[in-house]
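First chain written, first letter: the chains are A, B, C, D, E, F, G and H, and each begins at residue 1.
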Amino acid sequence: MSGRFQVEIDPAYCKACRLCIQVCPKKVLAQRADGKAIVENPDDCIGCQLCEWHCPDFAITIKGEKKNG
Amino acid sequence: MSKHWEIIISGSGGQGVITAGIILAAAALKDGKNVIQTQSYGPEARGGASRCEVLISEENLAYPKVQQCNMLVALTQEALNKYSSLIAPGGMLITDKSIDTSALSNDIIVLKAPVYSTVANIGNLMVANILVLGVLNSVIDAVTGDSLAAAVSSRVPPSTIELNMKALTEGNRVGKELKREVEIA
Amino acid sequence: MNYKNYLRWNKLPHIWCPGCGHGIVLGAFLRAVAQRELNKDDVAVVSGIGCSSRAAGYVDFNTLHTAHGRAIPFATGIKLSRPDMKVIVLTGDGDATAIGGNHFIHAARRNLDLTVIVFNNNIYGMTSGQFSPMTPHINFATTAPHGNFDYPFDLVELAKGAGATYVARGAAAYPRQLEKAIGQGLDHEGFSVIEAMSQCPTYYGRKNKMGTAEQMLKWQKENATVSSNPGEKIPLGVFVQVERPEYTKLTGQFIDSVSGGK
Amino acid sequence: MAKQLVQGNEACVEAAIAAGVSFFAGYPITPSTEIAEKMAEKLPAKGKVFIQMEDEIASMAAIIGASLTGAKSMTATSGPGFSLMQENIGYAAMTEVPVVVVNVQRGGPSTGTPTLPSQGDMMQARWGTHGDHPVIALAPSSVQETYDLTFEAFNLSEKYMVPVVLLMDEIVGHMREGIELYKPEKIIDRRKPVQSPEEYLPYQTDDSLIPALAPFGQGYRYHVTGLIHDETGFPSNSPKVIEGLVERINKKIDKHADEIITYNSFDVDDADVVLLAYGSPVRSARQVQQAARQEGLKVGLVQMITVWPFPHKVLSQLYRQTEATFIVPELSLGQLADELSKSVPREKILRVNRNDGSLITPAQLDAVVREAVR
Amino acid sequence: MNYKNYLRWNKLPHIWCPGCGHGIVLGAFLRAVAQRELNKDDVAVVSGIGCSSRAAGYVDFNTLHTAHGRAIPFATGIKLSRPDMKVIVLTGDGDATAIGGNHFIHAARRNLDLTVIVFNNNIYGMTSGQFSPMTPHINFATTAPHGNFDYPFDLVELAKGAGATYVARGAAAYPRQLEKAIGQGLDHEGFSVIEAMSQCPTYYGRKNKMGTAEQMLKWQKENATVSSNPGEKIPLGVFVQVERPEYTKLTGQFIDSVSGGK
Amino acid sequence: MAKQLVQGNEACVEAAIAAGVSFFAGYPITPSTEIAEKMAEKLPAKGKVFIQMEDEIASMAAIIGASLTGAKSMTATSGPGFSLMQENIGYAAMTEVPVVVVNVQRGGPSTGTPTLPSQGDMMQARWGTHGDHPVIALAPSSVQETYDLTFEAFNLSEKYMVPVVLLMDEIVGHMREGIELYKPEKIIDRRKPVQSPEEYLPYQTDDSLIPALAPFGQGYRYHVTGLIHDETGFPSNSPKVIEGLVERINKKIDKHADEIITYNSFDVDDADVVLLAYGSPVRSARQVQQAARQEGLKVGLVQMITVWPFPHKVLSQLYRQTEATFIVPELSLGQLADELSKSVPREKILRVNRNDGSLITPAQLDAVVREAVR
Amino acid sequence: MSGRFQVEIDPAYCKACRLCIQVCPKKVLAQRADGKAIVENPDDCIGCQLCEWHCPDFAITIKGEKKNG
Amino acid sequence: MSKHWEIIISGSGGQGVITAGIILAAAALKDGKNVIQTQSYGPEARGGASRCEVLISEENLAYPKVQQCNMLVALTQEALNKYSSLIAPGGMLITDKSIDTSALSNDIIVLKAPVYSTVANIGNLMVANILVLGVLNSVIDAVTGDSLAAAVSSRVPPSTIELNMKALTEGNRVGKELKREVEIA
């Protein structure tokens, strides 16, 4: 993976609410056919964790140089 | 066909299966039938499989729940998996074409209708419940078409009547074709 | 420790609807706990009844899901018997301020060292959308089909009037600020209240034509602010932070003085 | 009259409105919530008051207050809320203020199974509050009966000046059936004082033992208290007054028990086996009983409509007459069967209990009946 | 009408102990009523349980002596069914703020037009002298034999925080000021609270070595003041007086709008 | 050991302390208040916690919370407060948290007669909360028994993981007698988990049906809920789990009923007349019974110590053996006699009820006994 | 009676608490043998009504030119 | 005299009759007697007539209340009026000289002691209860003097022990005189 950050989304927990997609400042995320979130532009991730913090279902994990655990 | 229907309509939380059941029950009542509608409440009603039961009979109904389900409608795979075991031998299943019914036993009549593709054509996934009502009733003739249409238009939000009536019509059409297929087969 | 390690993963996914704000609030809470590296065994989480109160089941502490409105007095028994434990109450706007209002004000009066996080979605979610004492005036709910003419509590004012020594408000739309507000509450010795604005798209949102969870979160972002100059907006931040002898400390001192240190 | 498809909880609301309810105070709780919701929708349109209170204790208090002004008033709840209402239910019993309390039963104890049916609150409906107190409880088994009995609950409450509990259950509350929303024939309103305000003694009673409480604010100023009180309404510690009041408020119901108690009996006269049920198990019982009779089995059914006062007289008479075996299907560990054992010997009672959140099915019951008739 | 004509003389002498402040508070209340020439039939007086709550039995209105802590919700039912009646709640510090605290804050939130007079003797008198949520810190009581370490409510702050629109404090030692404070409360449309300081020589006085009723009254006189510059003393006066739509009015308007004026 | 003059309420406190009570939460109410007052005086001196809560609901909640940390905890109240505690008593029953609830009975219903004795809460002690639930209730008839049974209440509660109600009454609570404040022989503490935290299932039980709940904060993290839950403690809607849990928590008591139930019987074997009583009426009953025997009348006495579970087995056996007439003196309209009628035919039961706030006197009872032996 | 005000004390209601005696600015009132209040110096009464307002037992009535009813 | 005493001590609310009864009971217990003390609670305890019952017996006591009162102490007229009817024939009454006993029946032994004048001499009206205990016990010898003195000193506030012991001594003296009078008469 080329980006400094890895965005992991576990579809088993994702409920397709789209909040992560909305809050991502870099449009890293998108929706797949069944509505669940997927990582579309992994390289653009700046590791801000907004997606993770806004995910009500604990489905997202940002790895890399984190600001906050 | 049978004068005593024990119907389960199932799907996922937000699909309006309960509304569909209520409409069917209201139509049957209008036709002078005896009718009982019940539904499952609880956490499952919030997401997950949801289920509505309708009993329609010429006879008096005492026990209010389905005992021998002779018609299951399943709008999702999850609902099918959960409820298919309730179908009595010789009973029917109506479901979408996309759903895998291979695990079902042979003594069930499986009718697969193009539910989602048809509602996609209509342009609104939310009316799958009404469309499938049309399918269902065309297959089993449990209630008169007039009563069903009247029940639909009086039980959906006014702004959506037109859309829902269209879904019903399409459902009726799909149902009739399906019936023909079954009868031919 | 990673905050996600405080979750009971085998109980997830949780029962909350897609886009429900409660999960966001829970995450902020767990990050505040993680930062403080609290030992799971030393924490008790107590809740009442409601969607929000189901949170207790998802976190890996000593957890107690009680009766509607009664989380605080249950927590009182725990805290007084085990003053060394961190006792946290996760509750809803209905649970804490409707049926549970009396316990709320009395724990505030006593300044009992509990951290109370009120998941405020302005509605009774669990029972499908009746108005709560925190539903805004003229909003809609299933028991206010023509609009709610009750006026809501201002939870900050109520807590303050009752004697709470730490009162803050956060919002799901500002998870980092919420986490900090909760964290400060955890650090504060005494009765700490954090109102956490949360969205209920299923009932409150639907009834009030606020759209999807996305739109509701956006609404929060636009209508609540962390600015110290909020204007018409809902202010977020810490509103009360004062020192007053804490109740279990007082009890302990008192026991010592009466029992001669035992 | 054309039948309409109505939910049980909704039927309760419609009947209450037909009976003239003018005040509803409540607090939401599954599976009774639709009652509050429909009240919120419908009462204001009739110029009547709906209020959502802060809890069930307050709801119960508010309806008593409203009733004292002459309003027909009502609340609705389920197990946990019913427990909270107990103190004030006792207050209503003691002060003889008519109110209707609906309990749509769900699985207990405690939070239990909020969305599933049960009949676990039967004994609580009789004994939930402290002290010897009177109460009437009715139990519908269908949506139509819910309509009929809600109406009856108001009438009994006003007639006997007593709190009346409508013991529904989740099944009856949530199911939809076609029913007639008829306009009731007879609406009973509480007695009016016959004396002038000067001569008025609020708790003086005639042979009926039922007082005539004047609505507050109509010139009859008097005092109401939950303490033991004499005919004037004021507290008294006189042994005679204490004994007299406790006995009167209870005897008031016992004395009229024959009038109050209603039940339906089917084919019991020659029965070898009698099914005894109330509430939703009646549905299975009726199906099984009818089927059995068609086969020529001597099976009868008693459907209790009035749960409290309990129809001991009727049932012990029936037992003596038939020496039948009683089969008692119920959604509890045996509260009904236990109560029955005061009138019918324990060994003549077969229990069919179900506590898993499902109904007792006709098949389950049928098996027991067949076993019993053999 | 002479205020004494509002008494039920055949029920007097009352059960209160010699020198109990409750009789003084009751007199002030009746004088305020008399000034306004309220019609006896149009007034309902509701109380809970306690020495103070026995007041309802002595006044010649429609009177209701309810359950401990529940006077306000009973009164709510009366007021909403008969908005034209004046509904007054006579209650104690225990009745109103301990067991009855939730109803108190909710009626305040709704701004229901009740006049609530809290007979505050800083103790549970009826049950023989246990501390109440308004017993001062480190005072003595039968359940605080070593001194009470609970902190009390400030009733004015509590009422205000909950949304009361009229809040005043008076004292038995200043009967004229008390009468005025109650009178203004009666005139105010909305939830009105008057805390009336009252002496309980039998329990509070005895436990706290405050001497006779005379000495307790003197203490009040010296330690409470009507001055707007109270310093260390307990301030008496009107602390909140604001306008906000009243609840029965709102209900009425709402019913009218929904029912089309019926 | 020298006897000391002790009040009933005080004896309750002394016994609780001897039993190791470490948390008391309460709210004052006549005639139980001295219990709270003595606790307030004595607990802090022992390094234990007394808290006066805002009401009885909170008191009950707090003692459950405290008990979950392993503390022996207790509250004390009377009728109105007991009604308010019902919801949380059900919670304790459902979650199997041991607590002791003292109800010093006064006259009801409602506020009733706060300072006078009664036994009107007997049925409420069994059925006051919603749903099928277990409970144990004990009733002392003297100050010494109050001491003994308070102790026993803690032991039973810890042993069976169930709320135990000590049903006192105003007479027993307020009277002073000379008693021994002995150090109890056997203190039962709740079971400890045998598994490691990793393997631990809080609601898994062996044949005893009694779970071993680990105190909070000792490394066993688990979940406690009033919802129906499985062995892990987490909610479940599975019919099997529902039925299983409701049955187990009730059977846990039924199964051990013989062990739990205690009573004293005097001269019953050849009795023509058996007096059946619990609580303060035992005093009159014993006096009358002894006097009758001295005269050669075949009168016996059964003093129930355990009120719930009810000693039906013992009593129906006694009835079958003796065919005696049962005389039931009680300070209620007949709650005990009614319950007895499940085991002894109604017509063989003579009721001696008193509801005027006084005790049943030996003379009053004696007259009935003489009538019966004739 | 010579004073402008008449002080009436009904001994049937008086509970001998002495509050009236304490608050009277003119020492009009005194205690009789059983502790109950009596009017000792009727002529000194200035009609201030303090005694009446402070009497918890409604035992005192001041008649004459009253300030407040 | 009788070994079975059923004693009622009565007076007005604040006079300490309950304390007196408790002290008597404690003394009897110390002497190895069986004893039960009860009292009336309620509004009457707040002003009005107040009453305390003490049963003292060599035999076991079952019924806890007075059945045949053989000793009534009445410290006020109101108490006497209220409770005199409870005295069994042949029973005794002890009361103050100032109290009117003319209405009592002949089969009651009436002992009038100078209670209030004696406590006035001691200088504190509050010790009438203890004084009358002394009177009572000197008359009936229900408990030993030592036990009674010990019970008094352990059950009154420490600061008042001296005063109360004096009252007891005076009471004993008064009681002995009274007894002599009765025996002479």
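Keep in mind that, in the parts below, a residue touches a chain if its C-beta (ideal position, glycine included) is under 8 Å from a C-beta of that chain, and two chains touch if they have at least 3 such contacts.
Here the structure is a predicted model, which means the values were calculated and not measured.
> Quick one: how many steps at least from chain A to chain H, stepping chain to touching chain?
Minimal hop count between chain A and chain H: 3.
> Quickly list, by label, the chains bordering both chain A and chain E.
C
> Highest contact-pair count belongs to which two chains?
D-F
> Could you please state the distance in Å, as a whole number, between where the Cα atoms of chain A are centred and where those of chain G are centred?
Here the centre of chain G sits 83 Å away from the centre of chain A.
> Just the number, please: Cα centre separation of chain B and chain D in whole Å.
For chain B versus chain D, the centre distance works out to 37 Å.
> List the centre-to-centre spacing of chain B and chain G in whole Å, with centres computed as mean CA coordinates.
So the centroids are 87 Å from each other.
> Taking each chain's centre as the mean position of its Cα atoms, how many Å separate chain A from chain F?
Using C-alpha averages as centres, the distance is 58 Å.
> At which residue positions does chain H touch at least two other chains?
Answer for chain H, listing residues that touch two or more other chains: 42-43, 47.
> Residues touching two or more other chains, restricted to chain A: which are they?
Touching at least two other chains: 15.
> Two or more other chains touching the same residue: where does that happen in chain E?
As it turns out, chain E has residues touching two or more other chains at 17-18, 67, 98-99, 101-102, 106, 133, 146, 150, 251, 254, 258.
> Can you name the residues of chain E that touch chain F in the complex?
49, 67-69, 98-99, 101, 124, 126-128, 130-131, 133, 142-146, 150
> In the complex of these two chains, what residues of chain F are touching chain E?
Touching chain E from chain F are residues 27-30, 33, 36-37, 40-41, 44, 50, 52, 54-56, 80, 110-111.
> Please give the residue numbers of chain D that touch chain E in the complex, ascending.
22-23, 25, 44-49, 51, 53-55, 57-59, 61-71, 73, 87-88, 91, 216-219, 221-227, 234-235
> Using the touch rule from the top, collect the residues of chain C that touch chain F in their complex.
11, 40-42, 44, 46, 56-57, 60-67, 70, 72-82, 84-85, 102-103, 106, 251, 254-255, 258-259, 262
> Sort out for me which residues of chain E touch chain G in the complex.
Where chain E meets chain G, its residues are 2-4, 7, 12-14, 16-24, 27-28, 31, 34-35, 172, 175-176, 179, 212-214, 217-218.
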